[in-house]
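Note that the chains are named A, B, C and D in the order they appear, and that numbering of residues resets to 1 at the start of each chain.
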Amino acid sequence: MNIKVAVNGYGVIGKRVADAVRAMPDMDLVGVADIATDWHVRTAAGLGIDVFAATHDARTAMQSAGVPLAGTLPDLLDQVDVVVDTTPKKVAATNLQAYRAAQVKAVFQGGESHATTGHSFVAQANYATALGRDSTRVVSCNTTSIVRVLGALQDADLLARARGVLIRRATDPGESHHGGIMNTMVPEGSIPSHQGPDARTVLPNLDVVTMAAKAAHTQTHNHYWTLQLNRPASREEVLEALRAAPRIAFIRMADGLTALNTTVELMRDLGRPRGDMWEVALWEDVLTVERDEAYLTYQVYNEAIVVPETIDAIRALAGTVTDGSTSIKMTDEALGMRREFLPAPVRATTA
Amino acid sequence: MNIKVAVNGYGVIGKRVADAVRAMPDMDLVGVADIATDWHVRTAAGLGIDVFAATHDARTAMQSAGVPLAGTLPDLLDQVDVVVDTTPKKVAATNLQAYRAAQVKAVFQGGESHATTGHSFVAQANYATALGRDSTRVVSCNTTSIVRVLGALQDADLLARARGVLIRRATDPGESHHGGIMNTMVPEGSIPSHQGPDARTVLPNLDVVTMAAKAAHTQTHNHYWTLQLNRPASREEVLEALRAAPRIAFIRMADGLTALNTTVELMRDLGRPRGDMWEVALWEDVLTVERDEAYLTYQVYNEAIVVPETIDAIRALAGTVTDGSTSIKMTDEALGMRREFLPAPVRATTA
Amino acid sequence: MNIKVAVNGYGVIGKRVADAVRAMPDMDLVGVADIATDWHVRTAAGLGIDVFAATHDARTAMQSAGVPLAGTLPDLLDQVDVVVDTTPKKVAATNLQAYRAAQVKAVFQGGESHATTGHSFVAQANYATALGRDSTRVVSCNTTSIVRVLGALQDADLLARARGVLIRRATDPGESHHGGIMNTMVPEGSIPSHQGPDARTVLPNLDVVTMAAKAAHTQTHNHYWTLQLNRPASREEVLEALRAAPRIAFIRMADGLTALNTTVELMRDLGRPRGDMWEVALWEDVLTVERDEAYLTYQVYNEAIVVPETIDAIRALAGTVTDGSTSIKMTDEALGMRREFLPAPVRATTA
Amino acid sequence: MNIKVAVNGYGVIGKRVADAVRAMPDMDLVGVADIATDWHVRTAAGLGIDVFAATHDARTAMQSAGVPLAGTLPDLLDQVDVVVDTTPKKVAATNLQAYRAAQVKAVFQGGESHATTGHSFVAQANYATALGRDSTRVVSCNTTSIVRVLGALQDADLLARARGVLIRRATDPGESHHGGIMNTMVPEGSIPSHQGPDARTVLPNLDVVTMAAKAAHTQTHNHYWTLQLNRPASREEVLEALRAAPRIAFIRMADGLTALNTTVELMRDLGRPRGDMWEVALWEDVLTVERDEAYLTYQVYNEAIVVPETIDAIRALAGTVTDGSTSIKMTDEALGMRREFLPAPVRATTA
């Protein structure tokens, strides 16, 4: 029997999770809850998704605005096994009580603190520890990418120390008509930025320090890492370690993928929903290894990277799949995730 | 029997035309031709599209780069009824000779001059005059939008004179890592800008003057029009005239669609390929009519708006559908074009 | 005896007014008042400007932060003839009571409503009507430019009707790390935008309608006008009318001044304080006249254009100069305002 | 007797060097040479600077355009001791022959290779080795900042290894109407980027690796450094080392200087010509030291930072001042360079 899923909060992450749940063979999306009355939630209704009012006040406002409602959040929770909470920061802690009262398991997002649920989740790193829990937190987009990449090197017993600079997109493209930054960069005011410590909620032994800043673009973060290896290694060894971990895709400057927007354009060309990229896109031909130091840069599509992790977290809480790599494989196949975006070149033949 | 179609030039417009041809029930895409070796054309191969080398030099380079080739442009032309030429500006005039020699009908794009083919095309305005021709030119994105909107008012016998200000996106989002403008605007150096005269290649009686500028964004043009009506009219009369014409969709600030990027986000949410919008998106609740003057603003998704026109042009040249409105209907249904993007509000009921 | 002036609010406009007052031979800047404790107001102190706490709470905070204080706002008002209020919107109405109680005349800015003072001011249009008043409002940057340019054509009895599109910078360059818009445009939700009606607070007989939008840049607004003349006129007649009015400077695409940022760069090169441009910069070689219609575009440096008007308003309220054109001349000479930014070309000679 | 100086190339750097030379008590600007006919060079003429045609062809074009000419480049070289070559990249090597033939010493910019002159210059690091030479190269803006900051730590015998991420402004603000990048970042395709090796042309023992990218803004580069110290040190020790070196100014997030544009706004407020900042602006309160690692970020005003170095290079080649620190002091005083931009807070007193 399929896992019955609710999404509370139909925003940047929530709408993507809703679509991904609908794409999974072992899950049913029962509905989404929200408090808004604008085009966003009305679009959900147009896509055949049942919409529920998240609060009593919202119900009145949504009805007045003509949003078709299937009920309220309690009605939705009555029908589901797992709720994914993608409400804005700080609302979640309160919601958790309601979810527990309704005996619904809950997946939160990286805006919440680790303490709220006591468990932070990245599928490849700690799927097993989420089994049977009533709640977990999928870590943020930046932290997820760090765990994927540095975790891969840690798994290969190559990594001694990681020092990263995270250049973040300033705001999301659909929100960029307010709250943006223009023609500037905004460095974070303290070092380390929170992403380093946050990765240790999943990989406690990571020696990692991050500096962060916002730059004047709206699509995808861009990380730069200086890695101290625990021994001299070849470039191929580092690549092998990265290839052994899931959800890292390899791109190349030599193919003309030379800027953040080019990769985004490629996603659109591949027919991805919303042009989403769930993988960390790592520039293979920029990766440099010098004796016992490695340098690399990758791109994090912040709107989508946590979506597959959220799907896995649903399964882990539901307990329907006990093996993390099986869940990852199910998710990745259903979404169409890839390790390479371009077909391999054919061997040139004489004409 | 389906129309067999080639696309020469797999760029911003070409790749969209290729997809649209594949979506049409009465057309087959035989292949695309290009001269590049980078990710763009290799993506086409990955999507199951046959790729041909557009030139002899390109064939060698593409083979060396491992791009799988189905042949060269002459091979492609041998197999098709109509070629859509989406090569860069000024290459087209030369190509026309080759197409004529191969007895293939040809659709060009708005970057070419009217004189090259002697016919300029917007489906709703002059489909019939393209029937039986060996070539035509689909006018540019801006001109297409002008013909759709002003043509609608002209058809309703409402329009005396139109004065427009066209604020253009500076470059396309996939190209914006070179050639962009930053933190500025660039006004065109002469008035009228070319779009006004260009609209008269399709609607010769239009009294229109345009000023234009580039602004510092990458997605969609934004037009502002002051319209002198030929008599006092009500806002509803103007709206009716616009609703009577195809390919204009109505959006509303009141729904939260308040900026160019919000509409783009909506297209992504609707699951449109590449987030494309083929319609002119006109702000219904901004449209203002004062006695015999009307003021309006709309948004032109420049990467996609000419795609349905190109599809219609293929049919007109092929002569398989003799009635323009039938072709428009076929195209619009196959693409999923709409007049409203949001479902109509339900009547609020008592709870 | 010099006019003693206070500036209340040391922000984008206030700091420029303070500098301009210091540049005038007939004015003394007694001090500026503010409530902030950050670099902005501390810079003022470093420039030798006496700083006063605008409120009691602010005084405590400023003292704690180590801002050197010369006193509080009442102390400042005690010493001046005129106060220029450049506090944020809506604070002003309350302040007016305090200024009246202190018997200090007050100049407000365009963010306030006309009703607050009952008088709106642009020097070239209505200096005389401000003489002897206790307060006035210098209209906003956009409105000031409209009055300068359209007023010039009205004075020449050429203008029947003006329809404008105002593309505004989204936020100021010093503030652009929050509140900006990114990669988009935001059209105003209703037509006419407020600037048209606002210009009629100064020029009541103007037949003007404006549409407005914000674009993704931070420096200078850019206006596009379609002007219905009341008779056919030559381009030279229109230019003559514009040249007859003050504070319009002429720039040319042919000189390479082809974009908003180029003009800003020119101001920096001319050694202007902060790169300011007090003039409306009108593209002379873009101006087009067709029979009885004229089309033009100009650039409004929103951070500075109201500064000379504010200086004139000080004089008008103080009553020390009764003739507007005399005041304008004094202001313009002291600031170094110009009609042409480049030296006239020399006649080419044989070498 | 003052050093007689020419500037060949009146662009972003050249015009600033020209102004700085005019500000020095021991130098005379004889004139500038260029090949353009547009507003840029005509502005120079308006500022009272003699303009010379850099080539024979340019002379004809400039005369036709009405640019007042004082002669040609050979005429200019006849009258000077030192020429600063700020022509575009790759022109310089050819020019060097002409300068040598004219027996004029020459200062080149960082766009040229070290090999062209055989000497690379940063005043605080190697002034003495430039004495008596006929030419040198002032290293690029990024490299200059690296030598200032890392050199300071090396001088204090604190630095073992430096790993940096350089986020560059995409283009200059006056040029940003063409060639910009929009809503993206462009990582450099290879690691290390050239700035690290380039710093070793001045500080040969530096262990430094840099990664670089362009971000979507036009003013100032932003560097992030992870520094391996050769022993555990306190934050105050690191700060002391930085304070001991010249041309590093300290800014603080706590003062509200929280973004690249805020610092630029501060420069404008300080009355700097063109809003220039010649100092490296280092965030003092972001600097973090953990045992034997230090992390810091600073801002490089790329249009101006090499100007004081160029002035010192002129003196070194001319040989009029033999001590580097004396020259630095002369330069810095004449320009008004600072270590702190804000006045020190006053001790709060009771009111």
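Definition applied: a contact is a pair of C-beta atoms (placed from the backbone, for glycine too) under 8 Å apart; a residue touches a chain by one contact, two chains touch by 3 or more.
Owing to the predicted nature of the structure, the values given are computational and were not obtained by experimental measurement.
A.B. asks: Suppose chain centres are the mean of their C-alpha atoms. Which chain sits farthest from chain D?
C.D. replies: Greatest centre separation from chain D goes to chain B.
A.B. asks: In terms of C-beta pairs in contact, which of A-D and A-C ranks higher?
C.D. replies: Pair with the higher count of C-beta contacts: A-D.
A.B. asks: Need the CA-centroid distance for the pair chain A / chain D, whole Å please.
C.D. replies: Here the centre of chain D sits 42 Å away from the centre of chain A.
A.B. asks: Can you give the whole-Å distance between the Cα centres of chain A and chain C?
C.D. replies: 48
A.B. asks: Listing for chain A: what residues touch at least two other chains?
C.D. replies: Within chain A, residues 173, 176-177, 181-184, 186, 216-218, 258-261 contact more than one other chain.
A.B. asks: If each chain is a node and each touching pair an edge, is that a line, ring, star, complete or other?
C.D. replies: If you draw each chain as a dot and join those that touch, every dot ends up joined to every other.
A.B. asks: Give every residue of chain A touching chain D within the complex, in rising order.
C.D. replies: 163, 165, 167, 181, 183-187, 189-192, 209, 211, 213, 215-219, 222, 224, 226, 253, 258-261, 283, 285-286, 288, 290, 293, 295, 297
A.B. asks: Going by the contact rule at the top, pick out the chain B residues touching chain A in the complex.
C.D. replies: The touching residues are 15, 38-40, 42-43, 45-47, 59, 63-68, 173-174, 176-177, 182-183, 255-262, 264-266, 268-271, 273-275, 341-349, 351.
A.B. asks: Give the list of chain A residues in touch with chain C in this complex.
C.D. replies: Residue list for chain A touching chain C: 170-171, 173, 176-184, 186, 216-218.
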